[in-house]
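Shared between the two complexes below is chain A, which pairs with chain B and chain C, respectively.
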Partner chain A sequence: MPKVHLEKENKTVNVQAKTIAELLKKLKLNPTVCLVTVNNELVTGQYKIKSRDKIKILPVVSGG
Partner chain B sequence: MRFQQQIIFEKIGAEGQKKLQKSTVCILGLGALGSRAAELLTRAGIGTLILIDRDVVELLNLQRQTLYTEQDLNLPKVYQAAIHLKQINSKIKIKPFFKDINYTNIESFVKGDLVLDCTDNLETRFLLNEHCLEKEIPWIFSSVLGSIGMLFNIIPKKTPCFSCIFSEPEDILGTCDTEGILNTTPTLISALQVTEAIKILTKQPYAKELLYYDLWKHKLTKTKIKKNPKCNACKGKYSYLNGEKNKEVIKLCGTNSYQLKGYKPDLKKTAEKLEKIDKVIVNDYCLLFKELTILKDGRVLIKAKSEKEAKELYSKYLGD
Partner chain C sequence: MCKFCKTNPVITLTNSNISLCSSCFIKYFEKKVFRTIRKFKLLDKGDTIVVGVSGGKDSLTILNILAKLAETKRDLKIKAVLIDEGIKNYRSITIKDAQKFCKEKKIQLYIYSFKKEFGYTLDEMVKKLKLNPCIICGILRRYLLNKKSRLLGAKKLATGHHLDDEAQSILMNQFKNNLELSARLGPITGVARFKNFIPRIKPLYLLTEKETATYAFLKKFNHKYVECPYSQDCFRNDIRDFLNDFENNYPGSKHGLIFSFLSVLPLLKEKYKEEKVRYCKSCKEPCAKEICNACEIIKKLK
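And now, the complex of A and B:
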């Protein structure tokens, strides 16, 4: 089961999902307000998750 | 000599310093990020600064907007910033514009060798992205919230663009009102942004990754970004620049405020009308009344809990 690190909350969770879109849906996260990285590279919702992928979720920050 | 120690620094040298002196940098947004970046660039010997901002200085800005003092309250940030920056370096050229940038005027004001994005909302950034792509102006995205900051260098034709990374938000984003902000966050992110600016202006290698820094955890996350083949902006389809996405009401970050566009008011006559209801403060640029800051150019900043409440307050005191 892929491990997903939530950067803002600083916690790691296990989520069973085939794609990033499915993973975000299970975490109840809107894909437009977060960025998902796999092995430190930005990916889109269509990305198919592999067993050894290191997944991180970063919040979109817009203040100035 | 003022810049001696910067010239001794091997990455800049006399040639680099000359390039900085000949450069024009446009700073869009003079809040926590922009005012700090403006100060650092002024001290670094940038030749010309174009400063653009739509707000006046408020008391709650002073927690983190280090260029301003209590003497600046209720006055436009760009003009007060220009005064302070000139006191730091009297030789710098400063072009301050107390303006709300939108698709109708961005071409007239956002110019230069480099633009620093120090705005407080994604909508303006999407517009800036399209403008800079069209005019081929490098720009540096920066943003902050709580103890988190983000930064990315966008060089047209060389790097991915802002729209390759971000989408229009379909859910509520955290704001300084809801999640707060540590005053060291914009200070650090401005320092990173100005460092990248100096690299770009002196034609040296710059950071290619999206930088995400959490000051509280002392954690830097670098993310590789590729061009998004589905990105409309990269294909020259500019929906913000052509006005398709223009909004009449904009939520401002950090002050629980909304901006509405109205008619250009006669501030004295408006003051006479509103004085019958409650206390009014008027200066050359704006009128302050209850939750409303009425600006000379027709914009009204309203402190409200929702867009609906902002519109109601506008109607209540200024009519439809």
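And now, the complex of A and C:
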């Protein structure tokens, strides 16, 4: 099960999903407000997740 | 796949459903900023532009693009101004990002602090005044940005406000039934041009926050996410969440809001046209009342 790091919350969770779009849905995250990287490369919702992928979710909204 | 070069995409644009790879997206983004500048006539020949920077993704993005433009337009001068409000564990981090960026790009960065200008940090003001920190910060930051830009010889003050910021402001003013405030919005702000008032330009006006964040990520501008400790309390945050949920369910809504607003903006500007601007009796800065809001706050601090 791929590990997903949530940058804003600074925590890592395990989530089973076939694509990034499905992953965001499972995490109840709005794709408008986050960027997703797989192995440090930006990807879109259509990306098909592989078991060893390192996934990071970064907030789009500025903190100020 | 990227619409143009068929490689892996980094973003899907919600209003057009087009996917773009990293290099096509950067070209698209910069081209759109340049087009916005031309469309709304944001720059004039020989302008000195002061860019208001915080060290965050939006302001570094616009600073980068304007600096790039200044490389080809030699008569365009770019300077950067940063206002240090004095927010513990927040501003000190973004100041470092701004300093590093300006040093690399050889841009002059001028830093002014609330503490030095008004005698108190924002943290101290919040404790003393018991007012909404976002209101104090907004008033004093705008005041200093205008005053300092003018002293630095600016013809325009550029900010990193993007489509999302504008859409939020439009909706906030609607909900508060304050169309007069909306008349002061738009890609170039101020109902009219007055002495001592530096017109503000928003070259990211037609780019979304997600597009801006994507550009900043690809250009490696920020390394760490930091959040203003006061940002939780804002009315703007609720409007932002509402708009983002709506955009997710109905893609293109934010663009729709902006373009419909742009078509009524000339009417609003005409309706709320100010014949004469007032100057604050205390500090002589342009304002809407006898005493400006910044002086009112400073008075309360004494």
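The rule is simple: the second predicted complex is superposed on the first by the 61 of 64 C-alpha atoms of A that agree within 3 Å, B and C clash if a C-alpha of one lies under 4 Å from a C-alpha of the other, contacts with A are read in each partner's own complex, and residues count from 1 in each chain.
Simple rule for what comes next: a residue touches a chain if its C-beta (ideal position, glycine included) is under 8 Å from a C-beta of that chain, and two chains touch if they have at least 3 such contacts.
Quick caveat, the model's predicted, so the values are computed rather than measured.
Once the two complexes are laid over each other on the shared chain, residue contacts for A:T32 go to chain B and to chain C alike.
Once chain A of one complex is fitted onto chain A of the other, the partner contacts of A:N40 are limited to chain B, with no touch recorded for chain C.
By the touch criterion stated above, A:N14 is placed in contact with neither chain B nor chain C.
Contact with chain B, but none with chain C, is seen for A:K56 once the two complexes are overlaid on the shared chain. When both complexes are aligned on chain A by C-alpha atoms, chain A residues 7-8, 30-33, 35, 41-42, 44, 58-64 touch chain B in the first and chain C in the second.
Touching chain B in their complex are the following residues of chain A: 7-8, 10, 30-33, 35, 37, 40-42, 44, 56, 58-64. Partner chain C is touched in their complex by these residues of chain A: 7-8, 30-33, 35, 41-46, 58-64.
Put simply, chain B touches chain A in their complex at residues 29, 31-34, 117-122, 125, 142-145, 148-150, 165-176, 181, 186, 210, 212, 214, 217, 219, 221-226, 228, 253-254.
Put simply, chain C touches chain A in their complex at residues 8-12, 14, 19, 22, 54, 56-58, 90, 94, 209-210, 213-214, 217-218, 225-228, 231, 240, 244-245, 247-248.
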